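Quick one: the structure is below, questions incoming.
Chain nomenclature is as follows: A, B, C and D, assigned in order of appearance, with residue numbering initiated at 1 for each chain independently.
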Amino acid sequence: MIVGIIGATGYGGIELIHFLSGHPKVSEIVFSSTSFEGQKIEAIYPHLFGRISAVLLKAEDVINKADVVFSALPHGAGEPFAKLCMEQGKTFIDLSADFRFDDDNDTFAAWYGKGFVYPELRKYSVYGLPEMNREKIKAQAAKGPVILANPGCYPTSAALGLFPALRKSLLKEGAVVIVDSASGVTGAGREPTRTTHFPECADNMSPYKVGNHRHTPEISRNAEAMAGKPVPVIFTPHLAPMNRGILSTIYIPLCGEWKLPPASGCVRPPSEESDDLAKKIHQLYEDFYKDELFVRVLPFGNTAVTRNVRGSNYCDISIHLDHTGTTLIVISAIDNMVKGAAGQAVQNMNIIMGYEEGLGLEILPSLF
Amino acid sequence: MIVGIIGATGYGGIELIHFLSGHPKVSEIVFSSTSFEGQKIEAIYPHLFGRISAVLLKAEDVINKADVVFSALPHGAGEPFAKLCMEQGKTFIDLSADFRFDDDNDTFAAWYGKGFVYPELRKYSVYGLPEMNREKIKAQAAKGPVILANPGCYPTSAALGLFPALRKSLLKEGAVVIVDSASGVTGAGREPTRTTHFPECADNMSPYKVGNHRHTPEISRNAEAMAGKPVPVIFTPHLAPMNRGILSTIYIPLCGEWKLPPASGCVRPPSEESDDLAKKIHQLYEDFYKDELFVRVLPFGNTAVTRNVRGSNYCDISIHLDHTGTTLIVISAIDNMVKGAAGQAVQNMNIIMGYEEGLGLEILPSLF
Amino acid sequence: MIVGIIGATGYGGIELIHFLSGHPKVSEIVFSSTSFEGQKIEAIYPHLFGRISAVLLKAEDVINKADVVFSALPHGAGEPFAKLCMEQGKTFIDLSADFRFDDDNDTFAAWYGKGFVYPELRKYSVYGLPEMNREKIKAQAAKGPVILANPGCYPTSAALGLFPALRKSLLKEGAVVIVDSASGVTGAGREPTRTTHFPECADNMSPYKVGNHRHTPEISRNAEAMAGKPVPVIFTPHLAPMNRGILSTIYIPLCGEWKLPPASGCVRPPSEESDDLAKKIHQLYEDFYKDELFVRVLPFGNTAVTRNVRGSNYCDISIHLDHTGTTLIVISAIDNMVKGAAGQAVQNMNIIMGYEEGLGLEILPSLF
Amino acid sequence: MIVGIIGATGYGGIELIHFLSGHPKVSEIVFSSTSFEGQKIEAIYPHLFGRISAVLLKAEDVINKADVVFSALPHGAGEPFAKLCMEQGKTFIDLSADFRFDDDNDTFAAWYGKGFVYPELRKYSVYGLPEMNREKIKAQAAKGPVILANPGCYPTSAALGLFPALRKSLLKEGAVVIVDSASGVTGAGREPTRTTHFPECADNMSPYKVGNHRHTPEISRNAEAMAGKPVPVIFTPHLAPMNRGILSTIYIPLCGEWKLPPASGCVRPPSEESDDLAKKIHQLYEDFYKDELFVRVLPFGNTAVTRNVRGSNYCDISIHLDHTGTTLIVISAIDNMVKGAAGQAVQNMNIIMGYEEGLGLEILPSLF
């Protein structure tokens, strides 16, 4: 199978090349880049020297040659190519946000600054969080070519941490869910900026777009789909001085049956009682994800960290209870470039094509 | 004035030397170390070579020689020396948690594993967060020698972010406050561990003691003192791959008059209405801290980051409103080794001794 | 094929697991660890959770079960197991220095503190730098079980940079070669120390064992083998604040025909003349390595950096001429854990077993 | 005294502000910036918020107001302002390379791309490496206003490591000196580039301008001045993933009386004989620098590292002998932004103004 990547010279594109070049079903990769058309990709990315020597084409040529097309273009740039793919009957796997909101043009327009270009394309699109939408993805693929909206990095990390608690109704009625996340700097992409300038980025924790990052509505949509009703979500992203990884610390206020009776005073140390409750919720998470290839609910007592998923498609999840026994704290760790981008895109391709879901994604996490 | 430092060879001690060696009222510094008694400190810390050449003494000898004594000993080790200081009428400034809980032996024992050794010493002690307790510290100093309980690093960052909101009753009745913090690795101290081993610490975000870190009761005590009633607090610390700094992201659910009317749907982009409310709260914070030397409420629209306080005694605070208009998000940034430890200790010494509060702490933050 | 790893819980062992778990000829991996015998490896290294669940055995049991045995034990610990392997007719691939000096017990003893335990084992051993010794390795394998001495990380980086210049007699008679190297911290292994403690390791360049690191005699031996005569070598290692990679900057004084005529004055900017000479040497390097799978001589004008080989078995080499035209400067970059350890060990296994040399080592470098 | 800084918004300017704001003789600092004229500096650098609130002026206005003028402009931009200062009789301390070559316009033009604009200004200029040129600087100041050419960061680190060996004739006749240096990323300045983009800069060692960096002629000039004859120098800079510091590893081939007799074989472990020689050279360095405030020759057996000079004006030097006993290896560590730029500039100001040389530079190194 020939796969195409349009917008191949951004970091998302580069990570797609990393995984697709080792995928057993992929015989050839063709690329495009607006900025570097006509150049060899190894001239732009010398780590590929001697290995990936093809010339960067026009996007249209990539689509013509490829059996499946990945798009790593910025938001708002890919719709014409999605259209072209649909006309040619070729699956279009989109790493941007353009198709993540189904037909909710209003929300997309409010947060991304402009509305859909071809609203009618949404009949082909499906939101590609496999753990939540695997059957929908398959159903869409059964009907014909798919526009696969690959989830955002933060939303993936948030959704996988929230899913069991929301689906199993642990959340207190009306309560606000808080997702506090830290991301590696690769998430900011390839373009140098003051924010990503080493001297001002190293040895620094830097929150940004506090209270209004545009991944918020995506997280919120997923939460609603999981809970079966609207769920207010607050999301705060931080830039951490590291390259890879997203760590989300998720606060889920618990409803009556799932929380401890009120303590006297506001602070109490961990107790046997609180441990029992935490273990019960841990068991629920373990059961919920027991058949998922890429979600690892860590043994009780462990804590998820980004180091342990580095370079892999895993989402590690750990379960903790606040000392007051009223709030579930879920830690969710992914590699932002893998499960948060290219790896999940390949996972989605596998599902669409009917391959084994983990094909080409077998690599172990790299400790360092 | 001769100042003494007992437990001088830990990181807290080293940072005290950094600030005290440039303090205009300090004529001499004497040190002790149990582990390195009899050695020159420059042999253990070669960055001090040629500058700080004194020999490490016994703690008792330090106390005999010094006019003011700082203790950078671990929790549970310093009470005998505090006692000795009180007997000699010398102020004892303690960087450990031993005296942070006034006479609440139960809470201290529950979270720190053992109770007070000399409960009667608490009549000399005062909790040294100057912005909250300046008058108390002065009052204690007016009575005689003081045991100054220097606040924990996380609690300092949390308290300064919470203070205006709690004192001015912005918090929704019964609501839980969440403090989500990331700390630099110096906070873990001088002893090498697996957690602080470079290969497993670099490029990694790592939450720890989730839901039950022992700074929780200290944060909670401060919150109660500020609000005038118990405030449930959840606190989650993270280790970030950087050396200096604590960044706390603080979620404060707002009460009726301070929040926006409910929106239709769970997600809405920022609006003029939400901006107005955010600015009003910002103004409240600015007014609250207008006379504080070391708290900088950043101009509206800015975001606090650890980089901008590096090496200085500042706490930078920025004010944000959640997109739903129901939750205040305060970002608070300090240098964990300065305002979170040695700098605040010097600030407290200045208050006790009647010096200008910022003496010896004039250094500008270092951008990198 | 079943492969065994003894001393599996050090960083070398962990990286072997990373590559061997994806090797198409490997059906099973068995491990041993003295420190953690009886425990599951995923309990010690949670990044392996759910993937590598086998229990750590005794070394003898590993040898009994395995078809090929890798040893990631410290220097001086593996000889008895090498002996056992020879008795059982099984190849022993040793990441330590024990067999790197053939029968030169004196040099080994002088630099490693004790002599050979079983000198007679050296009849089975071969130094496993494939680019230099491929035919020797094959010849040894044709005779029976092999003890493969996998080269040190610094010596690999130095040797590959030096090989064409020394073999082709570019070095000035009697001149000293200087190898100035910087290594990532993983090279220091798994045990936490003050040197590798994040707060003192981050943001720091730290030379160590200046003038007398024990990789010096190994580098020197290789140089002699390449040049056909003794070559004085000075080697200086540095610890750099990064996890992976060795960057060697190698200074090779050129002999008459290869250098520029003396300039007037000591300094001259680059000229067409010096460019021509540099290109000629570049061409020599390119030709020399044209059939090597894992050595990439970069296009003229490029500079080798560790980033571009991260996670891969490549050695990147770039060619530069000093401004005076008298000294060749070769930059050589490897991943210390891959071409500098586990990857090269797998490459050697492939050669010994008659597999394609790059089997299991196809992964592209990871840009970040 | 009012000091002015033109080009204040680059990193050199910012670091000047850091030191000058605490200098006891400085009553006011005035700034200029071409890019940000009319803005407050705290708006561009929020770490200065609340402390340095002045508005950025035109360079001419700064010169009019100031008693002493520092220039942190790029190479080639400052000559007109130097001229203006000379006309007004005000000292001009220049952090650029414009005045580092005395009247050698040819060398400057060959390496910096254009010649002097006002050659006649060189009669006012002096190269400001205090340890080498203190008396020259004083002499120039005695004559009237000075143009002080503050040395480059790499050249400072190289010169201080070379000075005793060259002045005392340890260098082998005709031999090449090699300076292999690694710098923190702040040395690359404030403008974001691909090279300084965190994802491609972190965890990477990257040599650049190998064999032809333009600090080479400056290093070479200093070496000639020290040795009293031309000394061929090879200089290789590397970018290391850290913020502050330059570490230079300097190889000095020793002449007859200073080296060991040839060994049999090319490699020998350290011996008593080589230790004695190393100690003798160490003593020579210690004696040479015994009156220098900012050069610390470390006790024999120690190794200089950048960590131990961080934030301070020190140059740490350690002395090592190659295992063959033929080459002196000097390690020299400075903070590139302090002794390598702003700190040395303040030191020069102190000398020119007749203040104590260390005034305003008393700060201890910061371990982290």
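Definition applied: contacts are C-beta pairs under 8 Å (C-beta built on N, C-alpha and C of every residue); 3 or more make two chains touch, one makes a residue touch a chain.
These figures come from a predicted structure and were not determined experimentally.
Q: So which chains are sitting against chain C and chain D at once?
A: A, B
Q: Of the other chains, whose C-alpha centre is the longest way from the centre of chain A?
A: Greatest centre separation from chain A goes to chain D.
Q: Roughly how many whole angstrom separate the Cα centroids of chain A and chain D?
A: 47
Q: Chain A to chain C: how many Å between their CA centres?
A: 37
Q: Which chain C residues reach two or more other chains?
A: 11, 184, 186, 199, 202-203, 241-244, 307, 310, 367-368
Q: Once bound in the complex, which stretches of chain B touch chain C?
A: Of all residues in chain B, those touching chain C are 11, 184-186, 188, 190, 192-194, 196-199, 201-203, 241-243.
Q: Within the complex, which stretch of chain C touches chain A?
A: Touching chain A: residues 11, 14, 17-18, 21-22, 45-52, 186, 202-203, 243-244, 296, 298-299, 302, 307-311, 316, 337, 362-368 of chain C.
Q: Taking the touch rule as given, give the residues of chain C at its contact with chain D in the complex, in rising order.
A: 107, 110-111, 176, 178, 180, 182, 184, 199-200, 202-208, 210-212, 216-217, 220, 223-224, 230-234, 236, 238, 240-245, 247, 249, 251, 253, 265-270, 303-307, 310, 318, 320-324, 326-327, 329, 331, 333, 367-368
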